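What follows is a short report on a single structure.
In order of appearance the chains are A, B, C, D, E and F, and numbering begins at 1 in each one.
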């Protein structure tokens, strides 16, 4: 399975991708039956980024970033690089030079289940990264991996062209085939939340608004 | 012990609570013989918040946030919600809708030994949270827990009405009965530190100011 | 080995130290054959600090900060305190009073393989700290340790007078005897990167710029 | 709260304690509404021990085992030592000499939210220990703690005289006042399980035996 | 994707499965280009078990073991249950009653990315389990999951009917379609190792036997 | 510093080494002022081994075991291999073939701050290993490291020829130059403990035997 660069992948529609990015991780996750989250150790290197994009997946050997160069050639406007090592690793595969190159290709962000370095430069460049660790440890260029094959990244399975949504809450994946449907549900959810938010802000209780008081009483909850 | 909402709890005096909040975690912790800290994994979702409040405790099943709704009804101005799951969990029990509701009731902050989500919204709302993880994973509403019972949160025992102090250093609990005494000691400590800070800033050494040089020599320390 | 304060240590040349600090952690680490990094759990308490300095090492018993006072006397302009406990510990050895004293002696930063507290005050003072944890837990003053002896801090061996470089990427140590050579290599590396950055920014691929395309093909990489 | 040895504590009835010990951790935990478990990092130093006893609690400073000596004097036949440090610590507070002394007083086991050492000797002595770590790191004797005060051990609150049940599954606490009731429920549970075990062993499905098939179908489960 | 039990899955050939089981985890992992390992935190509850079987996958909500009952009905001789929660969880989903039922259906082992309990009984029954934690925490029966859908378990993607190999080294998955080929390679590898082992045992160096001495010298290794 | 095999190292005297091995980790650690322990995550792959030997150190790149072959040539009767990767790694560098080769050279054990595999075979061979993880993940042979240079292994600095002591309590290092002195102290300690053990076994309290009762009273301990 190693040693392949898949060049022609199908991507989710960019308008849908942008829509999902605008909805954010929590809403998208809820809208697909609470699935798709990457592990909670995936944290942004700076606060405030909110992004959607299409996954260009990179399966890399531990401590070897050779394939990242091959992956960048496959990227275009609207893509997000997803780097997943084949065994646990926190080395710093990616820094400001690779980010410069990726940004020049239109890459919107990096999701990496390993280390990231040059975070000060990346922050100044406005190139957002969600990573397992911040760690400057250098990598080598000795072994092959693959580009645009299915990967498990931070505990979650994904395929090239799937939609990545990332913000301060973490990272969520939407399967390409489900993207339009999930966006519809996410927008419905958002519309629905506006009214709720207003009622809760005015002091109405969730207990009453959602009808929980009766249900909890029926389940045996006692107020003492 | 599950399935109970205790409605009439005694709270620490709000003036004392505010005084403790102003002193901050490190000072309060020292002033009660170095006790009361929650585990160091409890981190604020944004820097700079410093808060004191009375604990409304919520004992919740893992991955189930039903009781949080019942808890919010019990809150009033000056309270802090404390959510402790009955087995280890990092799911996101709480987001911007619950925060909106809590804020409308006068809740000052959330302390949660689990996950939090919608951190961008919470940051914009100025609703501070100290949590074990940032994680968008949704929760269900299927089982009962209890409100305003004693809990262990992040390794520390507390009872409803106890004082919570939280800032960039973490979270500390002061037992309600001790609050006034601890505040007194904390203020004395602060007063005492002003003079020391000035002397140290002017270059005087702690070795001399505290008389440590002689003691260390007596213990056998050698300068070579 | 315990119970000694070494007073006359040799320090790296301050101009070299400042030069290394300006290069930053990732560059310096690469310039000495990818060595010298402290563990990735050593994180700055606030973003943006970039510093170089000479190590004043402090070997401390777990939960006992007595020796930190003795260490501060040994510090002078351009030094960085390095605190390493003799068994794993996350207690808060150091806060704003010690920072005030250290800053008055010209200490530029603290590196501590344990806890730090008063982070709000330290941030306001502009006293940067790289620590394993933020934790307010107080320490005692009961046992001796040593100042300016070799230590292992966060997994890395160092000696007093070695150069510490720290920034948002973490912490790196350069042996005193190697400092000038490493600086030379780091600057060469930086000079070399400027041109690369420009070419990558203009859209040239690393695959082509570095000649990787041919090498990867020779290794058997297939584009499909 | 520090500096006290409480001498006359009330213990659970030893027959009840032994009964609970024989039921084991999983059954006892279920019989008190799934409460009382210590954190899963508390592991036995050798397999096969199954024990019940009354808690003699010891609140100790990090890395200081002075109070353990004071605690042993308070022990009698049927007791279990419970050692809880006031801040996270993995030092080895306890080894074969303390075990010899404890065993001579009738102590049945040690539960320690820190390190243990001399595990080979303890195994040969048949003195079971559930600990957070195996670690030989020595401790000092410099500060006071307390004996027979309430403690939080491995995330669970307990009081002196409470019942400790421990086996290969971990450690569970039963509050002294609930011990008799919990034993009754545990025994009922065990009696009930015998019949179930036989039916399941003969090939009957839990789906049918518990009536789950209908309930799952009603919830929407589809067999495809 | 939730709420489905897939009944007719294709399984790998049992003779192949048994062959892979006999080869063991390290050999099988190497024979498929170093892929397929589950995370290293998956440990056997007792030493010495070595097993191969076909995966019956169970996707479960955190802390809810309802679907395990539905899964057991789908099992037959030679199967291995694989339980993967949809968010991180260490609760004890499975104990001696479920093991009795599973064993009656011919299930050979359990792989669970969560907690296991009743380990003493399971050990006596000879029912091997590889788990993330040993933890007695009980689970509820409130929500649906799915049986025999693709899952990510302990970081590795698998589908129902894939081959599971597990021993003291951990757990490895072989895709059903690759099973026969991987077995062939694994056996070739084993045959090849016998001769090497004998030569190494007689004192011949790997440096010479593999021709590494020349290669290392060419790479610049210096013997000083 | 990479790319060197140091061939003529000085080793501690083997009689002293054997003596230290017989004393065990806890005693040796105490006899050198509580220093020298490796991190507590270093665990034996099977219980009961107790060993002393001279360190042959191997500094290896992450995931690359090329240098282990070069290291084995440097070993002789009484040596212990110590493998330390230059960045955190849990890959399985070492299995039964390397163990066969090492055992043929007289190597007594392996200490590895990474992964180990083939633990069943190693157990049957009686080749003891203390490792950070059990993990079958294969390694490559692409980069140089060094043999017999100073390393930090599991947080502790050591040099080739230093004495390694390992047993069920973990691993401890004694500097070669200190070995004879430490052995003397360790034996004195052991002799001294025999009498104490007997007195404690007969029921005498440590409080009385060590004179702690008076000291604790003087410090303010209260019996209530």
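Operating definition for what follows: a contact is a pair of C-beta atoms (placed from the backbone, for glycine too) under 8 Å apart; a residue touches a chain by one contact, two chains touch by 3 or more.
Quantities reported herein were computed from a predicted structural model and do not represent experimental measurements.
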{"item": "Chains contacting each of subunit A and subunit F, listed by label", "value": "C, E"}
{"item": "Shared interface partners, meaning chains that touch subunit A and subunit D", "value": "B, C, E, F"}
{"item": "Which of B-D and B-C has more C-beta contact pairs", "value": "B-C"}
{"item": "Subunit D and subunit E, separation of their C-alpha mean positions in angstrom", "value": "31"}
{"item": "Interchain centroid distance [CA atoms averaged], subunit A/subunit E, Å", "value": "28"}
{"item": "Where subunit A touches two or more other chains, by residue", "value": "34, 37, 40, 87-88, 90, 137"}
{"item": "Arrangement of touching chains [line / ring / star / complete / other]", "value": "other"}
{"item": "Touching chain combinations (by label order)", "value": "A-B, A-C, A-E, A-F, B-C, B-D, B-E, C-D, C-F, D-E, D-F, E-F"}
{"item": "Contact set on subunit C toward subunit D in their complex", "value": "61-63, 87-91, 137, 140, 142-143"}
{"item": "Touching residues (chain side subunit C, partner subunit A) in the complex", "value": "24-26, 29-30, 34, 37, 40, 43, 47-48, 50, 167-170, 172, 193, 196-197, 200-203, 205-207, 210, 212, 216, 219-224"}
{"item": "Touching residues (chain side subunit F, partner subunit C) in the complex", "value": "1-2, 33-35, 37, 39-40, 86-88, 150, 152, 155-157"}
{"item": "Residues of subunit C defined as touching subunit B within the complex", "value": "3-7, 46, 66, 69-70, 72-73, 90, 92, 95-98, 100-101, 103-105, 115, 117-120, 123, 133-138, 141, 144"}
